[in-house]
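This report concerns only the one structure given below.
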Amino acid sequence: MATVDLLYFARLREAFGIERERLALPGAVATTGDLRRFLAGRGETWARELDPTRVIRIAVNHDLAEADRPLADGDEVALFPPVTGG
Amino acid sequence: MATVDLLYFARLREAFGIERERLALPGAVATTGDLRRFLAGRGETWARELDPTRVIRIAVNHDLAEADRPLADGDEVALFPPVTGG
Amino acid sequence: MPVRVQADDFDITAEIAALRSKRTNVGAVASFIGVMRDFNDGSGVSELTLEHYPGMTEKALDQILDEARSRWSLIDALIVHRVGRMLPADQIVLVVTLSAHREAALAACGFVMDYLKTRAPFWKKERTPVGERWVDARTADDTAAERWHAGEGA
Amino acid sequence: MPVRVQADDFDITAEIAALRSKRTNVGAVASFIGVMRDFNDGSGVSELTLEHYPGMTEKALDQILDEARSRWSLIDALIVHRVGRMLPADQIVLVVTLSAHREAALAACGFVMDYLKTRAPFWKKERTPVGERWVDARTADDTAAERWHAGEGA
(Lines give C-alpha, C1' and ligand atoms only; values in the text may rest on other atoms or scores of the structure.)
Protein backbone atom coordinates (compact mmCIF):
# COMPACT_ATOMS: atom_id res chain seq x y z
CA MET A 1 0.00 0.00 0.00
CA ALA A 2 1.31 3.45 -0.95
CA THR A 3 2.12 5.78 1.89
CA VAL A 4 2.73 9.51 1.49
CA ASP A 5 3.89 12.29 3.79
CA LEU A 6 1.41 15.15 3.84
CA LEU A 7 2.53 18.68 4.73
CA TYR A 8 0.29 21.71 5.30
CA PHE A 9 1.40 25.32 5.21
CA ALA A 10 0.15 28.76 6.17
CA ARG A 11 -3.65 29.09 6.42
CA LEU A 12 -4.16 25.33 5.84
CA ARG A 13 -1.73 24.40 8.61
CA GLU A 14 -3.58 26.65 11.02
CA ALA A 15 -7.06 25.60 9.90
CA PHE A 16 -6.31 21.86 10.13
CA GLY A 17 -4.29 22.26 13.31
CA ILE A 18 -1.69 19.93 11.90
CA GLU A 19 1.66 20.48 10.25
CA ARG A 20 2.33 17.05 8.77
CA GLU A 21 1.01 13.50 8.82
CA ARG A 22 1.77 10.16 7.23
CA LEU A 23 -1.14 8.80 5.21
CA ALA A 24 -1.71 5.33 3.78
CA LEU A 25 -3.48 6.09 0.53
CA PRO A 26 -6.89 4.45 0.10
CA GLY A 27 -7.11 2.44 -3.10
CA ALA A 28 -9.24 5.06 -4.87
CA VAL A 29 -6.67 7.82 -4.35
CA ALA A 30 -4.32 7.74 -7.35
CA THR A 31 -3.65 11.43 -8.07
CA THR A 32 -3.23 14.73 -6.24
CA GLY A 33 -6.77 15.61 -7.31
CA ASP A 34 -8.08 12.39 -5.76
CA LEU A 35 -6.15 13.16 -2.58
CA ARG A 36 -7.66 16.62 -2.30
CA ARG A 37 -11.19 15.22 -2.63
CA PHE A 38 -10.41 12.47 -0.11
CA LEU A 39 -9.11 14.99 2.47
CA ALA A 40 -12.13 17.26 1.88
CA GLY A 41 -14.24 14.32 3.06
CA ARG A 42 -12.72 14.48 6.54
CA GLY A 43 -15.27 16.98 7.82
CA GLU A 44 -16.27 20.58 8.10
CA THR A 45 -12.95 22.46 8.20
CA TRP A 46 -11.39 20.16 5.62
CA ALA A 47 -14.40 20.43 3.34
CA ARG A 48 -14.42 24.21 3.58
CA GLU A 49 -10.69 24.77 3.04
CA LEU A 50 -10.41 22.24 0.21
CA ASP A 51 -13.69 23.11 -1.49
CA PRO A 52 -13.19 23.10 -5.28
CA THR A 53 -13.92 26.85 -5.35
CA ARG A 54 -10.87 27.54 -3.15
CA VAL A 55 -7.53 27.95 -4.91
CA ILE A 56 -5.07 25.49 -3.36
CA ARG A 57 -1.59 24.57 -4.61
CA ILE A 58 -0.23 21.06 -4.32
CA ALA A 59 3.46 20.20 -4.56
CA VAL A 60 4.80 16.67 -4.95
CA ASN A 61 8.41 16.15 -3.92
CA HIS A 62 9.00 19.92 -3.96
CA ASP A 63 7.56 20.55 -7.43
CA LEU A 64 4.22 22.21 -8.09
CA ALA A 65 1.85 19.58 -9.48
CA GLU A 66 -1.38 19.56 -11.47
CA ALA A 67 -4.48 17.70 -10.23
CA ASP A 68 -3.80 14.71 -12.51
CA ARG A 69 -0.34 14.08 -11.09
CA PRO A 70 -0.12 10.39 -10.02
CA LEU A 71 1.03 9.68 -6.47
CA ALA A 72 3.67 7.08 -5.59
CA ASP A 73 4.77 5.42 -2.39
CA GLY A 74 7.05 7.69 -0.37
CA ASP A 75 5.98 10.93 -2.06
CA GLU A 76 6.11 14.12 -0.03
CA VAL A 77 2.87 15.97 -0.83
CA ALA A 78 2.34 19.53 0.35
CA LEU A 79 -0.92 21.47 0.30
CA PHE A 80 -0.89 25.24 0.64
CA PRO A 81 -2.60 28.48 -0.43
CA PRO A 82 -1.22 30.55 -3.34
CA VAL A 83 2.18 31.89 -2.33
CA THR A 84 2.70 35.46 -1.15
CA GLY A 85 6.45 35.95 -0.78
CA GLY A 86 8.68 38.59 -2.26
CA MET B 1 23.85 91.97 -33.67
CA ALA B 2 23.18 88.65 -31.93
CA THR B 3 26.08 87.06 -30.11
CA VAL B 4 26.09 83.45 -28.88
CA ASP B 5 28.45 81.36 -26.77
CA LEU B 6 29.51 78.20 -28.60
CA LEU B 7 30.63 75.11 -26.69
CA TYR B 8 32.15 71.94 -28.14
CA PHE B 9 32.35 68.57 -26.39
CA ALA B 10 34.09 65.22 -26.75
CA ARG B 11 35.25 64.39 -30.28
CA LEU B 12 34.26 67.84 -31.61
CA ARG B 13 36.22 69.65 -28.90
CA GLU B 14 39.30 67.63 -29.75
CA ALA B 15 38.88 67.91 -33.53
CA PHE B 16 38.35 71.70 -33.48
CA GLY B 17 41.02 72.21 -30.82
CA ILE B 18 38.69 74.62 -29.04
CA GLU B 19 36.40 74.29 -26.04
CA ARG B 20 34.32 77.44 -26.36
CA GLU B 21 34.13 80.69 -28.29
CA ARG B 22 31.91 83.75 -28.52
CA LEU B 23 30.46 84.25 -31.98
CA ALA B 24 28.70 87.27 -33.48
CA LEU B 25 26.10 85.63 -35.69
CA PRO B 26 26.24 86.64 -39.37
CA GLY B 27 22.89 87.94 -40.60
CA ALA B 28 22.08 84.77 -42.51
CA VAL B 29 22.42 82.56 -39.42
CA ALA B 30 18.99 82.43 -37.79
CA THR B 31 18.69 78.81 -36.59
CA THR B 32 20.85 76.02 -35.20
CA GLY B 33 20.80 74.43 -38.65
CA ASP B 34 22.10 77.66 -40.20
CA LEU B 35 24.81 77.79 -37.56
CA ARG B 36 25.96 74.27 -38.28
CA ARG B 37 26.24 75.03 -42.01
CA PHE B 38 28.07 78.28 -41.26
CA LEU B 39 30.61 76.51 -39.01
CA ALA B 40 31.09 73.75 -41.60
CA GLY B 41 32.30 76.51 -43.95
CA ARG B 42 35.30 77.23 -41.74
CA GLY B 43 37.48 74.65 -43.48
CA GLU B 44 38.50 71.05 -43.69
CA THR B 45 38.13 69.75 -40.13
CA TRP B 46 34.94 71.72 -39.59
CA ALA B 47 33.49 70.59 -42.89
CA ARG B 48 34.29 66.96 -42.15
CA GLU B 49 33.01 66.87 -38.56
CA LEU B 50 29.85 68.87 -39.36
CA ASP B 51 29.09 67.18 -42.68
CA PRO B 52 25.33 66.55 -42.99
CA THR B 53 26.01 62.79 -42.97
CA ARG B 54 27.51 63.01 -39.45
CA VAL B 55 25.10 62.78 -36.53
CA ILE B 56 25.65 65.82 -34.32
CA ARG B 57 23.50 67.02 -31.41
CA ILE B 58 22.94 70.69 -30.71
CA ALA B 59 21.72 72.03 -27.39
CA VAL B 60 20.49 75.58 -26.85
CA ASN B 61 20.56 76.84 -23.28
CA HIS B 62 20.94 73.27 -21.98
CA ASP B 63 18.04 71.77 -23.96
CA LEU B 64 18.46 69.55 -27.00
CA ALA B 65 17.28 71.49 -30.06
CA GLU B 66 16.12 70.64 -33.56
CA ALA B 67 17.76 72.19 -36.64
CA ASP B 68 14.98 74.77 -37.02
CA ARG B 69 15.43 76.19 -33.53
CA PRO B 70 15.84 80.00 -33.80
CA LEU B 71 18.87 81.54 -32.11
CA ALA B 72 18.71 84.61 -29.90
CA ASP B 73 21.27 87.00 -28.51
CA GLY B 74 23.02 85.53 -25.48
CA ASP B 75 22.15 81.89 -26.21
CA GLU B 76 24.54 79.17 -25.06
CA VAL B 77 24.80 76.76 -27.99
CA ALA B 78 26.59 73.43 -27.58
CA LEU B 79 27.60 71.04 -30.36
CA PHE B 80 28.47 67.44 -29.53
CA PRO B 81 28.33 63.85 -30.77
CA PRO B 82 25.54 61.51 -29.65
CA VAL B 83 25.91 60.90 -25.92
CA THR B 84 27.46 57.75 -24.49
CA GLY B 85 27.01 57.91 -20.73
CA GLY B 86 25.50 55.41 -18.37
CA MET C 1 23.78 31.41 -9.11
CA PRO C 2 23.27 31.33 -5.33
CA VAL C 3 19.97 31.36 -3.46
CA ARG C 4 19.63 31.83 0.28
CA VAL C 5 16.73 31.67 2.72
CA GLN C 6 17.61 33.25 6.04
CA ALA C 7 16.23 35.00 9.11
CA ASP C 8 19.00 37.61 9.09
CA ASP C 9 18.97 40.90 7.27
CA PHE C 10 21.24 41.44 4.25
CA ASP C 11 23.42 44.24 2.88
CA ILE C 12 23.12 44.94 -0.84
CA THR C 13 26.61 46.45 -1.17
CA ALA C 14 28.21 43.36 0.35
CA GLU C 15 26.08 41.01 -1.74
CA ILE C 16 26.93 42.79 -4.99
CA ALA C 17 30.62 42.90 -4.08
CA ALA C 18 30.63 39.14 -3.46
CA LEU C 19 28.95 38.45 -6.81
CA ARG C 20 31.27 40.79 -8.72
CA SER C 21 34.41 39.56 -7.00
CA LYS C 22 37.32 39.38 -9.49
CA ARG C 23 35.06 39.74 -12.51
CA THR C 24 35.81 42.52 -14.99
CA ASN C 25 33.28 41.55 -17.67
CA VAL C 26 30.27 42.82 -15.70
CA GLY C 27 28.75 45.94 -17.24
CA ALA C 28 25.35 45.95 -15.57
CA VAL C 29 24.11 45.16 -12.08
CA ALA C 30 20.33 45.27 -11.66
CA SER C 31 18.77 44.71 -8.28
CA PHE C 32 15.50 44.73 -6.45
CA ILE C 33 14.75 44.92 -2.74
CA GLY C 34 11.28 44.11 -1.44
CA VAL C 35 10.56 46.05 1.73
CA MET C 36 7.88 45.67 4.39
CA ARG C 37 5.35 48.49 4.26
CA ASP C 38 3.34 49.60 7.29
CA PHE C 39 0.14 49.53 5.23
CA ASN C 40 -1.45 46.85 3.05
CA ASP C 41 -4.92 46.20 1.65
CA GLY C 42 -6.49 49.08 3.55
CA SER C 43 -5.03 48.37 7.00
CA GLY C 44 -2.03 49.39 9.03
CA VAL C 45 0.41 46.52 9.47
CA SER C 46 2.65 46.44 12.54
CA GLU C 47 4.36 43.09 12.06
CA LEU C 48 4.86 40.42 9.43
CA THR C 49 5.66 36.73 9.78
CA LEU C 50 7.07 34.93 6.77
CA GLU C 51 6.60 31.17 6.61
CA HIS C 52 8.17 28.97 3.95
CA TYR C 53 8.55 25.34 2.86
CA PRO C 54 12.16 24.35 3.57
CA GLY C 55 13.56 22.21 0.79
CA MET C 56 11.01 23.24 -1.80
CA THR C 57 11.87 26.92 -1.39
CA GLU C 58 15.51 26.49 -2.34
CA LYS C 59 14.58 24.21 -5.25
CA ALA C 60 11.99 26.68 -6.55
CA LEU C 61 14.42 29.60 -6.33
CA ASP C 62 17.13 27.58 -8.10
CA GLN C 63 14.67 26.75 -10.87
CA ILE C 64 13.72 30.42 -11.25
CA LEU C 65 17.39 31.42 -11.67
CA ASP C 66 17.95 28.55 -14.12
CA GLU C 67 14.99 29.77 -16.15
CA ALA C 68 16.32 33.34 -16.08
CA ARG C 69 19.76 32.16 -17.20
CA SER C 70 18.19 30.25 -20.09
CA ARG C 71 16.41 33.41 -21.28
CA TRP C 72 19.13 36.06 -20.83
CA SER C 73 22.89 36.18 -20.94
CA LEU C 74 23.63 36.47 -17.22
CA ILE C 75 27.06 36.42 -15.62
CA ASP C 76 25.59 35.64 -12.22
CA ALA C 77 22.45 36.16 -10.14
CA LEU C 78 21.39 36.01 -6.52
CA ILE C 79 18.20 35.63 -4.53
CA VAL C 80 18.15 36.22 -0.78
CA HIS C 81 14.75 35.83 0.91
CA ARG C 82 14.17 36.36 4.60
CA VAL C 83 11.79 34.32 6.78
CA GLY C 84 10.46 34.80 10.30
CA ARG C 85 9.23 37.97 12.00
CA MET C 86 9.71 41.36 10.40
CA LEU C 87 8.80 44.96 11.19
CA PRO C 88 7.82 47.84 8.90
CA ALA C 89 10.73 49.08 6.75
CA ASP C 90 12.56 45.76 7.11
CA GLN C 91 14.08 44.31 3.95
CA ILE C 92 12.32 41.07 2.87
CA VAL C 93 13.87 39.96 -0.41
CA LEU C 94 16.87 40.80 -2.57
CA VAL C 95 17.38 39.91 -6.22
CA VAL C 96 20.60 40.83 -8.03
CA THR C 97 21.41 40.08 -11.67
CA LEU C 98 24.77 40.63 -13.39
CA SER C 99 25.25 40.90 -17.13
CA ALA C 100 27.48 42.54 -19.72
CA HIS C 101 24.57 44.78 -20.78
CA ARG C 102 21.73 46.49 -18.95
CA GLU C 103 18.87 45.06 -21.01
CA ALA C 104 19.55 41.49 -19.86
CA ALA C 105 20.21 42.44 -16.24
CA LEU C 106 17.07 44.56 -15.89
CA ALA C 107 14.74 42.16 -17.68
CA ALA C 108 16.04 39.16 -15.73
CA CYS C 109 15.64 41.00 -12.42
CA GLY C 110 11.98 41.74 -13.16
CA PHE C 111 11.41 38.20 -14.38
CA VAL C 112 12.88 36.66 -11.22
CA MET C 113 10.64 38.81 -9.01
CA ASP C 114 7.53 37.97 -11.06
CA TYR C 115 8.25 34.25 -10.89
CA LEU C 116 9.23 34.35 -7.23
CA LYS C 117 5.92 36.02 -6.39
CA THR C 118 3.92 33.16 -7.91
CA ARG C 119 6.15 30.08 -7.61
CA ALA C 120 8.29 30.24 -4.48
CA PRO C 121 6.59 28.77 -1.38
CA PHE C 122 6.53 31.74 0.98
CA TRP C 123 3.48 32.99 2.88
CA LYS C 124 3.02 36.25 4.71
CA LYS C 125 0.93 36.74 7.83
CA GLU C 126 0.28 40.32 8.89
CA ARG C 127 -0.54 41.80 12.28
CA THR C 128 -3.12 44.58 11.90
CA PRO C 129 -5.08 46.64 14.47
CA VAL C 130 -7.93 44.08 14.20
CA GLY C 131 -5.78 40.98 14.50
CA GLU C 132 -3.62 38.70 12.38
CA ARG C 133 -4.43 37.74 8.81
CA TRP C 134 -2.82 35.75 6.01
CA VAL C 135 -2.00 37.89 3.01
CA ASP C 136 -4.01 36.99 -0.09
CA ALA C 137 -2.17 36.35 -3.32
CA ARG C 138 -2.53 39.26 -5.72
CA THR C 139 -4.15 38.60 -9.09
CA ALA C 140 -1.73 41.22 -10.42
CA ASP C 141 1.15 38.89 -9.56
CA ASP C 142 -0.29 36.07 -11.64
CA THR C 143 -0.78 38.49 -14.52
CA ALA C 144 2.81 39.73 -14.18
CA ALA C 145 4.18 36.19 -14.23
CA GLU C 146 2.01 35.20 -17.17
CA ARG C 147 3.38 37.88 -19.47
CA TRP C 148 6.65 35.91 -19.62
CA HIS C 149 4.74 33.06 -21.29
CA ALA C 150 3.70 35.21 -24.25
CA GLY C 151 5.05 33.66 -27.40
CA GLU C 152 5.69 30.28 -25.79
CA GLY C 153 4.05 27.37 -27.57
CA ALA C 154 0.44 27.77 -28.62
CA MET D 1 14.31 63.31 -6.58
CA PRO D 2 18.03 64.06 -6.33
CA VAL D 3 20.59 63.90 -9.13
CA ARG D 4 24.32 64.11 -8.62
CA VAL D 5 27.33 64.28 -10.94
CA GLN D 6 30.55 63.51 -9.12
CA ALA D 7 34.09 62.19 -9.50
CA ASP D 8 33.83 60.08 -6.34
CA ASP D 9 32.60 56.52 -6.12
CA PHE D 10 29.24 55.76 -4.44
CA ASP D 11 27.85 53.13 -2.08
CA ILE D 12 24.45 51.70 -2.98
CA THR D 13 23.57 50.69 0.60
CA ALA D 14 24.18 54.24 1.84
CA GLU D 15 22.30 55.79 -1.08
CA ILE D 16 19.26 53.57 -0.58
CA ALA D 17 19.29 54.20 3.18
CA ALA D 18 19.31 57.96 2.58
CA LEU D 19 16.38 57.74 0.17
CA ARG D 20 14.35 55.45 2.45
CA SER D 21 15.10 57.43 5.59
CA LYS D 22 12.03 57.59 7.84
CA ARG D 23 9.68 56.34 5.12
CA THR D 24 7.55 53.28 5.89
CA ASN D 25 5.42 53.33 2.73
CA VAL D 26 8.21 52.02 0.48
CA GLY D 27 7.56 48.46 -0.69
CA ALA D 28 9.94 48.26 -3.63
CA VAL D 29 13.47 49.50 -4.26
CA ALA D 30 14.76 48.91 -7.79
CA SER D 31 18.29 49.85 -8.71
CA PHE D 32 20.80 49.69 -11.48
CA ILE D 33 24.57 50.09 -11.41
CA GLY D 34 26.50 50.59 -14.63
CA VAL D 35 30.01 49.20 -14.32
CA MET D 36 33.13 49.66 -16.44
CA ARG D 37 34.04 46.52 -18.37
CA ASP D 38 37.58 45.71 -19.47
CA PHE D 39 36.33 44.92 -22.98
CA ASN D 40 34.18 46.87 -25.46
CA ASP D 41 33.54 46.69 -29.20
CA GLY D 42 36.16 44.02 -29.77
CA SER D 43 39.04 45.58 -27.81
CA GLY D 44 40.44 45.44 -24.32
CA VAL D 45 39.86 48.68 -22.42
CA SER D 46 42.27 49.67 -19.67
CA GLU D 47 40.92 53.09 -18.76
CA LEU D 48 37.87 55.27 -19.32
CA THR D 49 37.47 59.04 -19.20
CA LEU D 50 33.97 60.42 -18.79
CA GLU D 51 33.35 63.97 -19.98
CA HIS D 52 30.10 65.83 -19.43
CA TYR D 53 28.42 69.20 -20.00
CA PRO D 54 28.11 70.85 -16.58
CA GLY D 55 24.80 72.62 -16.20
CA MET D 56 23.05 70.73 -18.98
CA THR D 57 23.80 67.37 -17.37
CA GLU D 58 21.99 68.15 -14.14
CA LYS D 59 19.07 69.67 -16.06
CA ALA D 60 18.79 66.63 -18.34
CA LEU D 61 18.88 64.21 -15.40
CA ASP D 62 16.24 66.25 -13.53
CA GLN D 63 14.02 66.14 -16.61
CA ILE D 64 14.44 62.37 -16.90
CA LEU D 65 13.34 61.88 -13.28
CA ASP D 66 10.42 64.28 -13.78
CA GLU D 67 9.33 62.26 -16.80
CA ALA D 68 9.64 59.00 -14.82
CA ARG D 69 7.58 60.46 -11.98
CA SER D 70 4.88 61.52 -14.43
CA ARG D 71 4.64 57.95 -15.76
CA TRP D 72 4.84 55.89 -12.56
CA SER D 73 3.87 56.32 -8.94
CA LEU D 74 7.31 56.87 -7.41
CA ILE D 75 8.05 57.74 -3.81
CA ASP D 76 11.53 58.92 -4.68
CA ALA D 77 14.33 58.34 -7.18
CA LEU D 78 18.03 59.03 -7.49
CA ILE D 79 20.62 59.29 -10.24
CA VAL D 80 24.34 59.43 -9.40
CA HIS D 81 26.69 59.61 -12.40
CA ARG D 82 30.45 59.71 -12.12
CA VAL D 83 32.79 61.73 -14.35
CA GLY D 84 36.55 61.72 -14.84
CA ARG D 85 38.96 58.79 -15.07
CA MET D 86 37.82 55.27 -14.29
CA LEU D 87 39.33 51.79 -14.31
CA PRO D 88 37.80 48.41 -15.16
CA ALA D 89 35.25 47.24 -12.55
CA ASP D 90 34.66 50.82 -11.36
CA GLN D 91 31.06 51.85 -10.83
CA ILE D 92 29.93 54.52 -13.34
CA VAL D 93 26.25 55.21 -12.74
CA LEU D 94 23.61 54.44 -10.12
CA VAL D 95 19.85 54.68 -10.54
CA VAL D 96 17.51 53.93 -7.64
CA THR D 97 13.71 54.09 -7.74
CA LEU D 98 11.36 53.73 -4.76
CA SER D 99 7.70 52.84 -5.00
CA ALA D 100 4.95 51.08 -3.07
CA HIS D 101 4.95 48.26 -5.65
CA ARG D 102 7.63 46.53 -7.68
CA GLU D 103 6.10 47.08 -11.12
CA ALA D 104 6.49 50.87 -10.92
CA ALA D 105 9.96 50.75 -9.37
CA LEU D 106 11.37 48.27 -11.91
CA ALA D 107 9.81 49.91 -14.97
CA ALA D 108 10.92 53.39 -13.90
CA CYS D 109 14.48 52.18 -13.27
CA GLY D 110 14.74 50.76 -16.80
CA PHE D 111 13.16 53.88 -18.26
CA VAL D 112 15.61 56.19 -16.50
CA MET D 113 18.58 54.19 -17.80
CA ASP D 114 17.22 54.14 -21.36
CA TYR D 115 16.64 57.89 -21.35
CA LEU D 116 19.93 58.65 -19.66
CA LYS D 117 21.78 56.68 -22.34
CA THR D 118 20.34 58.85 -25.12
CA ARG D 119 19.63 62.24 -23.51
CA ALA D 120 22.17 63.02 -20.79
CA PRO D 121 25.31 64.77 -22.09
CA PHE D 122 28.05 62.33 -21.10
CA TRP D 123 30.78 61.03 -23.40
CA LYS D 124 33.14 58.14 -22.85
CA LYS D 125 36.70 57.94 -24.12
CA GLU D 126 38.41 54.55 -23.86
CA ARG D 127 42.08 53.65 -23.68
CA THR D 128 42.73 50.48 -25.71
CA PRO D 129 45.97 48.67 -26.69
CA VAL D 130 45.98 50.67 -29.95
CA GLY D 131 45.31 54.07 -28.41
CA GLU D 132 42.44 56.22 -27.21
CA ARG D 133 39.04 56.34 -28.89
CA TRP D 134 35.68 57.98 -28.29
CA VAL D 135 32.92 55.46 -27.71
CA ASP D 136 30.28 55.45 -30.43
CA ALA D 137 26.63 55.74 -29.44
CA ARG D 138 24.84 52.40 -29.73
CA THR D 139 21.88 52.17 -32.08
CA ALA D 140 20.44 49.73 -29.52
CA ASP D 141 20.27 52.59 -27.02
CA ASP D 142 18.18 54.71 -29.36
CA THR D 143 15.88 51.75 -29.96
CA ALA D 144 15.57 51.14 -26.21
CA ALA D 145 14.68 54.78 -25.57
CA GLU D 146 12.20 54.87 -28.44
CA ARG D 147 10.09 52.02 -27.09
CA TRP D 148 8.88 54.38 -24.35
CA HIS D 149 7.30 56.54 -27.06
CA ALA D 150 5.06 53.71 -28.25
CA GLY D 151 1.48 54.82 -27.96
CA GLU D 152 2.38 58.50 -27.71
CA GLY D 153 0.73 60.64 -30.35
CA ALA D 154 0.81 59.32 -33.90
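As written, the chain order gives the labels A, B, C and D, with residue 1 at the start of each chain.
Criterion: contacts are C-beta pairs under 8 Å (C-beta built on N, C-alpha and C of every residue); 3 or more make two chains touch, one makes a residue touch a chain.
A quick note: this is a predicted structure, and the numbers were derived from the prediction, not measured.
Asker: What chains touch subunit C and also subunit D?
Answerer: Touching subunit C as well as subunit D, we find no chain at all.
Asker: Could you state the distance in Å from the CA-based centre of subunit B to that of subunit D?
Answerer: 26
Asker: Can you work out the whole-Å distance between the CA centroids of subunit A and subunit C?
Answerer: 26
Asker: If you average the CA atoms of subunit B and of subunit C, how far apart do the two points sit, in angstrom?
Answerer: Centre-to-centre distance between subunit B and subunit C: 48 Å.
Asker: Please output the residue numbers of subunit C that touch at least 2 other chains, ranges allowed.
Answerer: 34, 102, 113
Asker: List, in ascending order, every residue of subunit A touching at least 2 other chains.
Answerer: 86
Asker: Going by the touch rule stated at the top, which chains touch which?
Answerer: According to the stated criterion, the contacting chain pairs are A-C, B-D, C-D.
Asker: Going by the contact rule set out above, which residues of subunit D touch subunit B in the complex?
Answerer: Listed in rising order, the residues of subunit D that touch subunit B are 34, 50-53, 55-56, 59-60, 81, 92-93, 113, 116-125, 134-138.
Asker: Write out the stretch or stretches of subunit B touching subunit D in their complex.
Answerer: 7, 9-11, 55, 59, 62-64, 78, 80-86
Asker: Provide the residue numbers of subunit D that touch subunit C in the complex, in ascending order.
Answerer: The touching residues are 11-14, 16, 20, 23-39, 88-89, 100, 102-103, 105-106, 109-110, 113, 140, 144.
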